[in-house]
Amino acid sequence: MAQTIHIEPVTRIEGHAKITIELDDAGKVSDAKFHVVEFRGFEKFCEGRTYPEMPGITMRICGICPISHMIASAKACDAITGVRIPKAAEKLRRLINHAQYVQSHALSFFHLSAPDLLLGMESDPAARNVIGLIQANPDLARKAVRLRQFGQEIIRMLGTKSVHPPWAVPGGVRDGLKEENIEWIRKRLPEEMDTTELAIKLLLDSYGGFSREIEVYGNFPSLFVGLVTPEGGLEFYDGLLRVMDADGKLLEKGLANEKWRDIIAEAVEPWSYLKFPYFKPFGYRIGNGDIPGLYRVGPLARVNICDFAGTPKADRELRNFRRLGKEGKPVWSSFHTHYARLIEILFSLEKIGELIEDPAIMNGHLRSQAGVNNDMGVGIMEAPRGTLFHEYQVDETGVLKKVNLLVATGNNNLAMNKTILQIARSYMDGASITEGLCNRVEHGIRLYDPCLSCSTHAVGQMPMVLQLVDSKGNLVDQKVRG
Amino acid sequence: MPVVTLTINDKLVSAQSDKTVLEAARDAGFEIPTLCHLEGLTPRGGCRLCLVEVEGVPRLLASCVTQVQEGMVVRTETERLHNYRKMMVELLLAERNHVCAVCVMNGHCELQSLAAKLGVDHVRYDYLCPDLPVDASHERNTRDPNRCILCARCIRVCDEVEGAHCLDMMGRGIHCNIITGMNQEWGKARSCTACGKCVQVCPTGALFKKGSSVAEMEKQREFLIWILDGRDKKVWHWSR
Amino acid sequence: MDREELKALAQVELDQQQRFRCRILCCMSTPCISSGATAVFEALQDAIKGGQLDAEVEAVATGCMGPCSRGPLVTVKTEGEEDVIYEHVTADLAMDILDKHARKASVPSLDRVVLPRDIPFFSKQVKIVLADSGVVDPERLESYVARGGYTALANALREMTPEEVCEEISKSGIRGRGGAGYPSGLKWHMVRKAPGERKYVVANGDEGDPGAYMDRTLMESDPHRVLEGMAIAGYAVGAEQGYVYVRGEYPLAAKRLEKAIRQAERKGLLGNRILESPFNFRIDIRMGAGAFVCGEETALMQSIMGRRGQPVPRPPYPAHKGLWGGPTLINNVETFGNIAAIIGRGAEWYASYGTEKSKGTKIFALAGKVVNTGLIEVPIGITLREIVYEIGGGIPGNKAFKAAQTGGPSGGCIPADYLDVPIDYESLARLGSIMGSGGLIVMDETSCMPDVAKFFMEFCMDESCGKCGPCRGGTVQMHRILSKITDGCATMDDLKKLEELCLMVKETSLCGLGQTSPNPIYSTLRYFRAEYEAHIKDHHCPAGVCTFPRKGELTFNKVA
Amino acid sequence: MPEPTPAKKDAAKEKEHPMGDPRYKGIDRVLKRQQYQQDALIEVLTAAQEAFGYLTEESLIYIARQLKLPFSWVYGVATFYHFFSLKPQGEHSAIVCLGTACYVGKAAEIVESLEREFCVKAGQTTSDGKLTVTTTRCLGCCGLAPVVVLDNNVLGKETPETTLAKVRQALGGGNGGNGGTPS
Amino acid sequence: MTTRQNGKVRLATAWFGGCAGCHMSLLDIDERIIDLVKLVEVVYTPIADIKKFPEDVDVTLVEGSVANSDHVREARDIRKKSKIVIAFGDCAVTGNVPALRNRLQVDKILEEVYGGGPGKPPSTEEQYAEVVPVLLSKVIPLHQIIPVDIFLPGCPPDPERIWTALTALLQGGPVALPPEMRSFG
């Protein structure tokens, strides 16, 4: 008897979503779907606004990574005006972006995923959360809170608010740093570096207990997409698009941003408000249901595709990370995203250290002025969760005619679906739903740290109901957790 | 000019007899909220926020258009007035698409700060959500009717101070709207002198400097008094 | 022309009329025309000419005779006989009428359409303003003069000082017929005393209340009466320029007024040196263009000056600073219709009609669920029961009287419990309604009161000028809540919100339109609250008007 | 079908108006009679509406120039009053009175039936330009409620059925129903 | 506020149509969160694993606007089970940015956003109707669906604002924010 299991809402992710698992007549998992259940329509309601308002509007797509949207949007606006922004402004934008990586990755690792890693995948769901963590390990929790705060505080210094700061504008930024800010950052950096290294140690120490998870949590060949510096280094703010296949071969070495449409197209499915982007040259679905154009973005992809990080500590960890891939291939298992994420925090902290010591960052010229010079602008950057695309078309007065947003989480949509299918297949036995299974499937999603607010069209809280539905759609069993 | 004595909120106040109750109250240190009123423009009495109670008068009077009278007893802050003012601000917020968070005037807006001051922390009425297009055709200024409260300050400054009368109001009731020229694109309205006065007097983000980003627009209104004093009284305000 | 010549002119006209043995008066006001009066009149004229009756019989086109729903109406005046009124006259019946009255033939079929003169519809009425309506030919000055027209003006110019005229108006106790009931004499005195080079007199004929059409009838049926009243006012307050502001929907009224002004100017009854006195007075017509708010005096003045009809705050009142800054006397057309009678027959005579505080008569437009609809003029103080059941002939179809709506969108509903309340300014105000311009709509049990309130609120919402926030936004929100109620998806909280809004809009709006817009809600809530609650709590419309597609169940989008 | 304005026929005979359209003469007459006074704006607009059937943008500009008024002023006045239309009207017009007496007489049902039959919303003209359906607030014929004005003829005591029949007839032939065929 | 046996207030947070920024701002009270955890028992929140909204909650913070049928259902459930409901942030209080779509027709937006790509757009197939909720024609603030006790505007509300309100509430006092702490945006 075929059945469908519903997980609703998926929790400890940033947004609203549901999961359904379909079982065939033999009780084997035949498919698993990740549903994004909200729609906000940014692409449509932004039409008719003027482009300089876009950084402020689009950052409201997400409360966790507003900086990414603000900057991607500002970059798209820069392209519309056709100006090169002042050096100091670029450095400041990089600084705020690194600050965001610190706070966002810290949130993902400590607040959302660590409860599974440190308390166990099958521990009591009532305590398996950040509050449980605070109670179990207040010292670590305090460190985690302070790491996130460090990032948020830098954002507040520059933009007056830690969430949705009205700061980046077309042509540059609105405000610079003060001496005392640099002093504060300098003083706090070592502590945050220690916390990150501690986290890496905790994670790697726990690896022994997760060998099965490493094996089946999104461990499949796929393409990897992300930005790299012209030299091939790890890059978040600006750079060239690189596409690597599962064997480590570069399909695109460094594509100019404006050409992103050549490699990425989007599909839609009736069961999700989130679109399904795929690598265009390889196509969407083929006869046997495989999706050859499936690619992954985010920390795992970024760390896989870059040739080097460019800072000593991050490069040291990167070398260690590379050993996890089999036969010199890229690292496939999404479980290692946690590690990649921590490497990126390290990288960001090192970069922040570099940037504040650069005298050029204190230059007072922060903004270039210009009107509409191009009818189109593309802004691509690496958000914590992956590559983020903003593309605007404007009329000659600067009013938006068309807005296209392809957000990080969207890029991972196909991969997330495949990941939960893989997890469900290996942990599902018989027709009974265990709490542990639910959480494992959800953790599979959490690996991607999906920001569903970000998924533009989509946001959702993931309540979790597992439902067994027979092939005729009748409810057979239901498990509501909580 | 003869001077009259009146009582405002139990305080004895004297004022020149050609002053309005609003002016007298403000001179005496009482804050009466206003939106359509702006010193230097002819009073309009449209926003009704400056309503006050006057003893012996059954109706509430708009203080911006009511002249002081000897022996007048005025109250500017009663619970009734406060409630009405709150409701008026709620009605204004409901009739157009005021999204403070992504407005160019966020943090500097008169409507926003007035709402906060009056304790409007939510709007009890249905949002009407009209679909109004933004006009960015002008080389310097942008008009977003979604944020307009129809106070007509822009119309008055354009007519009375600049003398261009490029702006006016069209339609009626809830369908009123500010227009430029023959309801044409602002950039094509030849009577506009691009002086930008309308932008500066606008209390909200309905008129803003082109290219402003969210929360970036701030307005300066001193120019109005500078012009009027210079023009009418031959008194010039030299800044610094 | 002077006073003697005026008398002579009247005599000539009277002599002329007496030459006819029989005069057939055809009502040619808008309602009768739309019922086919033109054909009747033309058939009569043709037959008179064709039958060589020109010397003895005259067909006259007149204004309104009152019972509009019975049109086309024809009155036959025969020497030495009582006047006979016929209803529902067709061209064929007109021939029968001619046969019977001009040729003295016996036409029994006509008995069916004779309207008895002794029915309460006529006997209960007192016609002062409408005295000549349906009698005189509105397109001929002489016709009005023959009825004593313009003698009041002549007497005032000759025998009274402006001060005395104002005093006479004060003594008569007449109050503004536009709705608010402000004592006219006071206003006249104010304008007279106000300093100002140029003063103006304005007749407000922007009759916007849906359901009221007495001003139109007066302007169409007896335009000279209005002009004479204005001229007297001009003399009294010291104005040399007058305007009649005619509602845009009334082209016929404007046409007849225009004609009347030209005739009067030609005879020296308007213009320079009126009736050989030093008094000059010109009258111009200004047409409205479809805006109810222009009935509000400050908006009306804006409109006369060619601007958007948005009210301006008072004070200053028009009496001090009105048109182009000059003191301006604004009275309703009906008010001006009373002036000639007051000056002509004296304030004391006038004050003998009405109640202690409300003198004279008032015209009502009786409409809705009542047998006799039409225009009636009754002494102030008459009871609603007399109007509905005697003059109006009761409710058709044996249905129950539910309420009478007076005062239009600014007024309220009077329920059956108060049928015996005398109709005057104060009593109506106590019941939560107003006299208004005189619309009186009778509603029976098939009218749903929340729906009625919604109807009026929609009117106010459409007609709000948009200048002040409370009216602009408040009317829309009140209408929304009423819609929710009639759609069956409101809550008691909504009702509370509605009441709060009512009070706020009433107390804070800039002009009368906004201030009175909640009145229909107030009065229906006051007397029919249970009906509102039935809609909200039980999703049931007692009158069976509102339909609730999803009874008790609200879909999300409905709520949204 | 009404004449496409008689003024056009005389165009050849009369001297051309500087605006290139003889219908402007009607406006000029009123302008002169009102001595180009700015406060006569509403009268002049009325004349323009009579001449053109609606207020064309060109005519508004012409009036503004003649009266030396700002464009925005003229446009503001023209849109304040319901009488003025800035869109061309249909060949035929059906105005349904929604005054109180007509409302009590269920005039709303007449509007609905017209809207349904001819696929228009009140205030709009059918896509083929044949019929304009509008509503008004009291024509002062309350004794005859509900009232419909069809091509300037006042019809009293109407029902949805009688009105539909008369409108169909006015549109020519009994099958006026295709008047609003969406294009 | 009644105190429980463990002396803790039962607190829940929920998240409708919004961006999570208000939750982030709540986390931005930083180390005070550790103090907060001593006073409250967090019984439901998107960042914990409890799937079903529990009974008998003292205070619920609701972030986000009401934008689809799931939100309506959840809001009503929350109201039933919570003593105090707080509209948390501008989206819940005014509709805010998500309400920008209100001037458009929802079907048209869906068509335009999802048209063009390969595959079928969301919600067109019946079998997913239960999974993918129906969008409301207008995005509305929370108080238009359920009664709301306290409004905490801001996009997002500043951490200080949240802390002031929460501490006032936890101390059993009324929440009266000063003017500078209650402005929209």
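Lettered A, B, C, D and E in written order, each chain numbered from 1.
Just so we're on the same page, contacts are C-beta pairs under 8 Å (C-beta built on N, C-alpha and C of every residue); 3 or more make two chains touch, one makes a residue touch a chain.
What you see is a predicted model, and the numbers here were worked out from it, not measured in a lab.
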item	value
Label of the chain whose CA centroid is most distant from the centroid of chain A	C
Centre-most chain [mean C-alpha coordinates]	B
Pair of chains joined by more contacts [C-beta pairs], A-E or C-D	A-E
Between chain E and chain A, distance of the C-alpha-averaged centres to the nearest whole Å	23
Chain A and chain C: spacing of chain centres that average the CA atoms, whole Å	73
Between chain D and chain A, distance of the C-alpha-averaged centres to the nearest whole Å	60
Separation of chain B from chain D, taking each centre as the mean of its C-alpha atoms, in whole Å	37
Shared interface positions of chain E, touching two or more other chains	96-97, 100, 103-104, 138, 140, 144, 155
Chain B, residues touching no fewer than two other chains	101-102, 106, 124, 126, 169, 171-172, 215
Touching two or more other chains - residues of chain A	57, 60, 164
Partner chain E, residues of chain A touching it in the complex	6, 8-9, 11-16, 18, 20, 35, 37-41, 43-46, 57, 60-64, 66, 107, 111-112, 125-126, 128-132, 134-135, 138, 141-142, 145-146, 148-149, 152, 161-164, 265-273, 275-276, 284-285, 439, 451, 453, 457, 459, 461-465, 473, 480-482
Contacting residues of chain B [partner chain D, same complex]	164-172, 179-183, 189, 191
Chain C contact footprint on chain B (complex, rising order)	43-48, 51, 59-60, 62, 65-67, 80, 83-84, 87-88, 91-92, 94-95, 124-126, 128, 149-150, 169, 171-176
Residues of chain D defined as touching chain C within the complex	37-43, 45-46, 73, 76-77, 80-84, 98-105, 136-145, 147, 153-156
List of chain C residues in touch with chain D within their complex	30-31, 33-35, 67-69, 71, 207-213, 216-217, 248-250, 286-292, 303-310, 365, 367-369, 373-375, 405, 408, 439, 441, 443, 447, 455-456, 459, 462-463, 465
